[in-house]
Every structure is written in C-alpha cells, then in structure tokens.
Amino acid sequence: MSEKKKIDIEYSQLDSERMRINVGPQHPSTHGVLRLEVEVDGEIVTDVVPHLGYLHRSFEKHCEYMTYPQIIPYIDRMDYISAMNNEWPYVMALEKMLDVKVPEKVEYLRVIVAELNRIANHQIAVATFGLDAGAFTPFLFYFRDREYIIWILEKLSGARLLYNYFRVGGVAGDVYPTFKEECHDVIAKVRKTNAEVMNLLIHNNIFIKRTAGVGILTPDVAINYGCSGPVLRGSGMAHDLRRDEPYSIYDRFDFDIPVGKGEVGVVGDCWNRNMVRMHEMEQSCRIIEQALEQMPMEGDVTAAIPKRIKLPKGEIYSRAENPKGELGFYIVSNGTDKPERLKARGPSFVNLSVIPEISKGYMFADLILILGSIDIVLGEVDR
Amino acid sequence: MQSTNFIWDLFGVNLLTVVAVVALPLGFVLIYALVAILAELKISAWIQERLGPMRTGPYGILQPVAEVIKLLQKEDITPDASSKLLYNLAPFIIFSGAYAAFAVIPFSSAFMPANINVGLFYVFAIGSISAMGIVMGGWASSNKYSLMGAMRSVSQLISYEIPAAMAVLSIVVLSSSMNMQEISHAQTGYFWDWYLFGGPGSWTKVFIIPFTITLAIAYFIASLAETNRVPFDIPEGESELVAGFHTEYGGIKFAMFYFAEYANMFVVSAIFTTIFLGGWNSPFGEFLQGPGWGVMWFILKSFSIVFVQIWVRWTLPRFRVDQLMYLGWKVLLPVSFICFFAISLFVMFK
Amino acid sequence: MGLLNKLDDPYEGGGIVLGKVEELLNWGRSKSDWYLHFGLACCAIEFMAMNASHFDFMRFGTIPRTSPRQADFIMITGTVTFKMADRIKILYEQMAEPKYVISVGSCSNSGGPYWEHGYHVLKGIDQIIPVDVYIPGCPPRPEAFEEGMILLQKKISRQAIFNKRKRLGTE
Amino acid sequence: MTAQEIFEKLRTEAGDAVIECVVQPSYDPFIRIAPQAVFDICHSLRDDELLAFDYLMSLSATDLGDDLGVVYHLYSTKWKHKLVVKTQVPKDNPVVPSVERIWRSADWHEREAFDLLGVRFDGHHNLIRILLPYDWEGHPLRKDYRTPETYHGMKV
Amino acid sequence: MLTYFKNIWIGFYSALVGMKITWKHIFAKKVTIQYPDERFPLPSNARNRLQLMPARCTGCTLCVAACPVNCITLETVRVVPDDPHQELYENGTPRKMWVTRYEMDFAKCCFCGLCVAACPSDAIHHTTDFEYSSLDRSHLYYKFQTLTPEQAEEKKRLFAEFKAREAREKEAKAQAAKPDAPRPEAEV
C-alpha cells in the first residue's frame, strides 16, 4: 500500500513542466521585431501572448505636427512593403474632403502602381512564408522577380521602396516611354515564377503536410476579430473592398476575388491563406493588363489643387484594400493645414490579434508558420 | 637503451603507418570540409541564380580559408549560465565522433586507416556519439532553444538509426561481411555489379533490384536525417529555433560543429558509396581500375552524394517533428524491414 | 590575445614576418564576415533585396547567422525604439570579439524622420553601441549597403593587431 | 440603412442614451451616444437582424481638449452599410465600457487607445499598455503631453 | 494500404519535381550585378544624395518649410544695396538674399523629394550618387554655402548696418516726413 502510494507520488512529480519561450524580438521568423511569449508543453503550444511596440515610431504624434503633404512620407514608412497601396486611402481621403477630381490618366496609373506593389507584397509574403517552412530557394526566386517590379516603380517615382509617389490630386511622376512594354514583361516574369514556385513549393508534399489543416480560422471568428485581406479571404469569405465598395476605377476591371477553397486541407488554414495570395497575384496581373490597355498615355498627372492644402473642418474615415487587408485612415481636421488627429487602422495590427486564438494546440513549428501566413509588417502594427 | 627498444618495439615499423593513419584522414577531413563549405555556398548560389562568394580569391575559392582564419581569431565565449565542462566538451565530442568514423572508410583497395572486421558496426556505434555531443551542447548552453534542439535531435537520431541500420544490414546479408573493404571487393566489376543493382550474381538478382534501390533511397533519407540536413534540420531549424543546439556557440567551438557537420556528411556518403555504389571500384570493369584510381573513384562517388545532399537541402522545405517521426517509424522502418526480409529470403533460396 | 601580445615586435614597425601574419589575419577577418540576421524596419526589406540574386551580398563572403554568438557584425537596419534599445545592447554584448556595427539608414544614424517628435525613438544607435560604418539613405539602395560593406572591409584590413598595446599606450 | 434610420431605430429602443445624429457635409454621418450606454447599444447594433454590424473597422480615441472622444467605425458584412458611433468622456475620469466582448477586434484597439490617450475601458480583461513600454509615463497623444527628458538613461 | 503507398509516392514525386526545377536553375544564366565592378544604370530621377546649386538658391526657405524631417538649416541675409560684392543669378537677375548658411543632415534626411518639388528655382535636386557612407556621422553633415565664414560674417554685419541705417532713416522720416528709402529691389 505504502509502496504504491510512493510510486504515485513519484509519478505526480514526473509531470511535465510547461516552458515559457520568448520568441523575439530578435528571432529570424518574427518578420521584424514582434515578440511572442509562448508557453509550450513539450512541443505543443498552450498559450501565446504577443508583445508589440518594438517598432512604435510615434507616427500618430508626428502627423499632428506635419502638414498634409508632409504626412505622405511617414505613411510610406508604415507598411513599408506596400507603400503605394498605403498612400492611396490617405490621398483619397484628402481628395474627398477637398472635392478634387483626379484626372483619368492618374486613376489608371494609380491602379497600375498599386497592383504592381500588391504583387511585390505578396511575393514577399509567400517568400517569407516559404522561408519559415525552411525553403530558401523560392524566397530568392521571388526577390529576384520583385526586383523587376521595383525597377519600374523606381523609374516612375525615383525611390525603390518608400516611393512618396501619390500627391493630392495626382501623382509625382509621369510615365516614361517604355512603361507599357516593361509592365507586360514583368507580368510575364511574375507568371513564370509563380508557375515554378507552385511546383517547387506550394504543391510540394512536405509543404502541404506542414501547412494544410494548421491554424484554422473560421469566417465567424475572422469577422469578429476584424480580420481582412487574404486572412479573411482564406477563410472563404469573399470580402474585398475593391469589389464591395469600389473606389477609384476598380469597377471598370474584370477580376475575381480568390477565396480559400480547401483544395488541400481545410478552408481557413495556412495553406489556403497562402494560396489566396498566389491567386491574387494572378488577378493583379489581369487588372494591370486591362489598365494598361485602357490607360490614356497623354495628359497631365496632377489636378489643379491649392498650393497650401487646407482641409475644411470635419472628419473622414477612408479605407482601401491593401495587400494585407483593409487599411483605414481616420482623419480629424480642424480647418488648418495640419490634422487634429490621424489614426491609422492597420490591417496587420488587427490581423495579428487573431494569433492567440488560432495557434493554441498546434506545435511550436506550426506557430511560426501561422504567424507567417498572417503576413504582418511590424511597421504597421506598431506604427 | 632498453627503453628505446621497448618504444621501438611497441610502435616499431608501424610508426609511419600510425602517422599516416592519423594524419591523412585528419588532413583529408580538413581539406574536404573546406571544399564542402565552398561547394555548399556555390551550389546554393547557383540554384538561386546568384554567384556566391566572388571576392575572396579568384571566384571566391579561398572563402572557406578566410572563414577558418576568422573563426580562429574570434573570442572564445563561455556563457556564464552554462555548465562549463559540458559546454566546452561538446564540440570536441561531436568532432571526434565524426573524425573517428573516418578510421574505417575504405578510400582505396590499398589504403584504409583501420581494416577491422566489424567496420559497419563501428561506424554506427561511433556515429551515435555525436548525438551525445549534441545533447551535451544543447543542455549545457542553458538556452531554451538549444535544449529543444537537442531534444529534437536525439529523438531524430535514434529513430533514423534503425532504418539506416536495416539498409546496411541488408547489404551485410547480401555480402555476408561487415568489413567495408570486403564489401568493396565483392562489387568489383561493372556498375551493374554494385549492390545498388543487386550486387554481383546471376540473372536471378533482378528480383532484388527493386528492393536494393528502395533501400538505397531509404538509407539516403535516413542519412540526411542523421546529419541534420534539410529537410530534417529541425534540431537547428533556423526559422524556429534560431540556431538550435549550437545557438550559444561561437568562434572555434562553432567551427568544430561546422566542420563536424560536413565531416558527417562525408561519412554517410562514404558508407553509401561503399555499400551501394561499389566503393573504390571503377564502374567500367578494368577501366582506370587500381589502388590509385580507386581513391579518385571513391571521392568522386562520395562527392556526388554530397552534392545531392546539398541539392536536396536547397530544394525542400523542412519537416515538422511529428512528421519526421511518422516518416521514420511508419514509412522508412516498415519499408526497410520489407526489403530486408525480401533480401534475406533471396539469399536463403539463392 | 595573450599569445599574440608576446609576439609583439619590440622594435618599431611590425617586422616583416609579423606584418605578413597580421595581413593574413586581417584578410581572413575582412573577407569572412558573418552577420547577425536581424531586421528592424524598412531598411531590412532592402537588406533582404540585397541578399537576393540581383545584388548577392554573399559575394563579399558574408553568411547570415541567426545567433549573435556566431556573428561578426551586426547591421542595425531600421528604427531603434526605446523598447528595443536594451535588447540591441544585449545582442551586441553577446557577440564575440572582434565585432563591428554598421548603422544603416537615417533612423539608426540619428533617429531619421523621427528625430524631432518621436517620443519613443532612439536618436541614433551610437548612443548605446559603438558604430563603425554609417550608411546614409532612407532606405539606402542595396548597392549602398555593399559600399558600406566594402568600407568596413577596408577598415578591418587596416586594423593593427600586434602592436595594439603599444598603440593604446601612445594614444 | 442610413445613419438617420439607424438613429431613429436606436432612439426607440434605447431612449435618451442616443443623443443625436449628425449629418453634415465633410463629416461622415455619425450618431452620438452617452458613454454609459456604449455596451448595450453596441450589443444591439451587432445582434439586431436589420443592423448586423458585425465588423468593427476601427476604434479611435481623440483628444478634444477638455474631453476624450471615442469613435467606433462599424461595418456590416451582411448589409454592406456603415455607421460611425461617437461618445465623449471627461478627461479627468475617462471611463468607457469596453466593447471587447462584442467585437474581439476591439481588444487591441482599446488597449492602444488606453496606451496613447489614457481612455480607461471598463470591463476589458487585460487593459495594459500595448505599444509603449510598461513603465512608460503619460499618454503621448494627449495634447498636453510633455515628452520626458530621459528614458532608462537614454536621451529622448 | 493503397493510400499509404500512394502518399509515399506523392511525397517522393513532389520532391523530385522540385529537384528538377532547382537542377535547371543551376545552369541558368545568373542575374547578379557585381556591384563595384559593374553597375545597374540608375534612372535619372533616382532620389539619392541631394545637391544644392548655391548659384541658383534664392534663400526663399520653401524647402525648409516643405521638409517633413527638418533636416535643412537655412540662414539668409538680405543683400544690401551698397554691398561691394553684388552677384547675379544664372538667369541674369540680381541676387536678393545671401545664403550665409545652408546645411543638410543626411543622417536625418528621408529622401522624400518634397524639397525638390517645392524649390521654385531648381536649385536643389537629387543626384544618382548613393556612395557616401562614412566612418563618422559628422561626415554626413553637409554644408553647401559658397560664402566663407568671414564673408558670411561680413554680410551679416553689412545687413545689420543697413538695418540700423534704415531704422535711423525711418526715424528721420518720421520726423521730417521724408520719402521712403529706396528699396534694394528698385536699384540696378
């Protein structure tokens, strides 16, 4: 009797202890400086607590000191991977407040650069996702192709990453003569690499085994958490502002909204989120092709706007479909040339908050992949 | 006078041999590791449409040399929280494990550092020492990532030893010897006499060719896992565990891990070459056959296996721990058992 | 460096043998630089682009390491906030000597666009760790990174190893 | 539904807690509600069949001088309509009921509003700083915020 | 059982497909631009180091106002009519302002190009030069003025004298209701 009791005590002392691991801020796959406090039971994740703010650069405070055009460079630095898309909702808000009509050519040009940048963003997203899974080669293939996109954007705007290209009522640089050919060229390259990566990575059995059925996010939870972009669409919800609330001239183009269909695994898992991005690249290519066809090559690239931009007293919430989701700007104007308050609603910030919900119960290696499939940019999370 | 004679008697004329046996593999390991490091850098670069190191010597061929010179100069850190003895011992154990395995590798029909009868057994026994080193290093670093890497590594090594051993045992059954030199001798002839294609024998061997090829693949996969290469590099999986068990190691101690990894790659390739690819035999009968050429053939064959290892590394994503275990226990082990059984039956009724 | 100090030439000017040895050691250090894989902000994306095929940072003999123990230099690529500053200092202290720091971009050079009202931004990484090379730009072009790398390699290859004690004495 | 219709519908349900509906040029039409009724109204906004505001686009706090304002931008994925809800609390006692249990996305938004402007959300399960370090003093987005001289020995 | 072997085969096959792709890439043409030896041609509008043409700068301070980062320090002094050292702009009109100090901190600049867009006289522009990394942060602090410090002091002194004289004249005018002192623009 006493012998048995002793053994029981020993067994109870053998209980595995949970270990708290600090992932980040310096960790190769936190996509920047995110810190996750992970509690693991062996290899199983039991709890995740994200700690943000390692890149909190006081964006909103800066905006209170800046005039409206001066804010645009700071907005570039929010989501630095898709700077063109970032500038758009902000500029759109100002144009709506000022009641400026943007020239036709500018609208097309904006669509083209934004979609090019969307492709570049998704390339990085898929590439780093592959890197998290341990595949290094697709990462460099995508970065090689991204370079061609960057060259086009550089010729237009002058900068490689943070373009500061959009202006109120126009854009900063006109198209150059070989613009259309280069765009077509790039689209061909993007499609070729996509086909290659499909075989090399996406349909690789190891990759499928790693990602399919991992980190399942159901549409209800996604909506309640405010997710948007590929994260929401990967859950099978066809929510895209370009279609639901067509801003600019998106209603003129014919494109599909890719959603997670669950060809492999379950709708809403990492593989489907990633696949949505792959399909979105193709859709962006289609949009660019149509825009290039319809775009007038002649004409001015800026509308007539006052030299000193002063917004009327009021407030506006403007949103646009960013590669990562819905980017919103809430601008409160007090009638001067500086905003009273500017709040940015970053898609990554909101999408990241779903991490604790969907990563519990998976393995530690899966947590890295779930984080990668959300596609966050810390510049936008922390602002 | 008496004492010198005693020493002379002890080592005797074998002193030169002893030196050759010790120094040649060591020199080979060091030079080979440099070449392999460069090969990895260059091949990975070419796969990714890059050039790799270009500015260290012509086409960057001196890059590994520069790395060694640099690593020798680095400060030797022993973290405060680590348990010092084990921390400092681990790299040496791993390196000596990898180096000791070279003792039984038949480089040519004339040269083999130690021709022992249980060569294959010895390799497997020595190869397991590196697992001990990894656990020591991972635990002694008192870093959580290192610990997790070490734990993963042990489970991985243990589970993949068995399929690898089964594959090797099948060849042992076929050749009825554990002596690597004898196994090599048995495969003399043309390339269809290799054990990859059933070994020497009459036409009846076609029945076991599928099994030997399967075994070769199984052994190759298991050897990847034993050397912690992608897709089985979870003990040091960069995106998960920062650098795995060697997270806290730097400088010369890290260089030992670094060298041991590449040395291990060569060891498993050499075993693969010996038991499946005919060792130092020329693939075309008497063409360039001989002790001197044997070294060339052996190194050529082993390097192609090392090349495939590098090539696989830069192609495939990484497994997860449980999938790794699944592959080891539920796929490789049954498959290798079936093949072992089939080959044993064949040998029985031949 | 105890052994090396014993090798110090008692006479002026390194001597032929030591001079050559020093050259070799410096060559090794300058041509093989492993960097700590550490992205902070915008510059990190350009840093990745520089690692990619078109610019191929590995040509300079650099290999990314994820652990600070194995790294020779660290590139501070982006804005350093106060929350991050302590960590960077720890990372720097974990690196083994000899170690170098490259400060990339306006943000780590001096706070950059956030130097004026950024209540949470460190105004220049050189406030907490010594910086060897400053690369300007916001973000710098990938070629500018490589130019900074060449500058660092030049700096390393000119370093005095053997007469360090004497040099420090005179300074 | 337009903001006016929603306002009238809410007015019949919640009474005086719904203060006014403002439709002005250069303003998104918004509804102003009393702070203590935020949770109940938001609950009915989400659960009502005809409103179904299941998506909280943004939750922002602003410094209005003497008061702190909290603005909710709502969207319905079902009916595709939007609504702006505003409330206002005094600066010396800025307590607003938390809507974290209604929209989980409000969790981090509220923590951010607390961090940067010091709005205290009543009923939030974990109202701690999110962006700034935990030992930071003050709420930087307030207009009367003074930047500290040093932080942990580093010059600000 | 069949699915078991099928799974093994699919896994093995997909790995082979990937290896085939990487094999092809080993022999593909490499895209690397070997930077110090060969260079990618930069577009002419690339936004890199800023260059000021002091001969064109009118000292209007629009660039300072446009700069979001405030990395430009600009000090100007009006050209007094009796300055012995009169200067013309490139287009032939006389200089109205001496730029006694024009400094730019490239350690702060964010290369957004707003100053270039704001400049009415095209005095400031981006160059395609990006190779100016340095071992010291102070080397990134650029001073663009053409005037030597002594000259700048001289100009400041002249302006102060002029101001004092103007003030005296104004006083005198207030007393004697004299006509205005001629404005500097009106001369020449």
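Order of writing sets the chain letters: A, B, C, D and E. Residues in each chain are counted from 1.
Please note the rule applied: contacts are C-beta pairs under 8 Å (C-beta built on N, C-alpha and C of every residue); 3 or more make two chains touch, one makes a residue touch a chain.
On a predicted model such as this, the values are computed, not experimentally measured, just so you know.
The set of chains touching subunit A and also touching subunit D is given as C. Summarising the inter-chain layout, the chain whose CA centre lies farthest from the centre of subunit C is D. When the C-beta contacts at C-D and at B-E are tallied, the pair with the greater total is B-E.
Centroid distances from subunit A, each centroid being the mean of CA atoms, peak for B.
Of all chains displayed, A has the C-alpha centre closest to the centre of the whole protein C-alpha set. A straight line joining the Cα centres of subunit A and subunit C is 32 Å long. Our note on geometry: subunit B versus subunit D, Cα centroid distance of 63 Å, whole angstroms. Annotation: 28 Å between the Cα-based centres of subunit C and subunit E.
The set of subunit B residues that touch two or more partner chains comprises 47-51, 54, 238, 242, 314-316.
Within subunit C, contacts with two or more other chains are made by residues 52-54, 56, 59, 66, 83, 113, 116, 119-120, 138, 141. Residues of subunit E in contact with two or more other chains: 15, 18, 21-22, 25, 30-32, 34, 68, 110-111. Contacting chain pairs (ordered by label): A-B, A-C, A-D, A-E, B-C, B-E, C-D, C-E.
Subunit A makes touch with subunit E in their complex at residues 66, 69-74, 76-77, 137, 144, 154-155, 157-159, 162, 164, 172-173, 196, 199-201, 203-206, 209.
Taken in their complex, subunit A has these residues touching subunit B: 19, 21-22, 27-29, 43, 130-137, 140-141, 144, 200-201, 204, 206-207, 209-210, 363-366, 368. Of all residues in subunit B, those touching subunit C in their complex are 41, 45, 48-56, 60, 62-63, 65-77, 238, 242-243, 246-251, 254. Those residues of subunit B that touch subunit A in the complex are listed here as 44, 47-50, 144-145, 148, 230-231, 233-234, 237-240, 242, 314-323.
For subunit A in complex with subunit D, the residues that touch the partner chain are 52-53, 56, 58, 60-61, 97, 221, 223-227, 237, 239, 244-245, 311-317, 319, 326, 328, 330, 332-333, 340-341, 343, 345, 349-350, 353, 357, 382-383.
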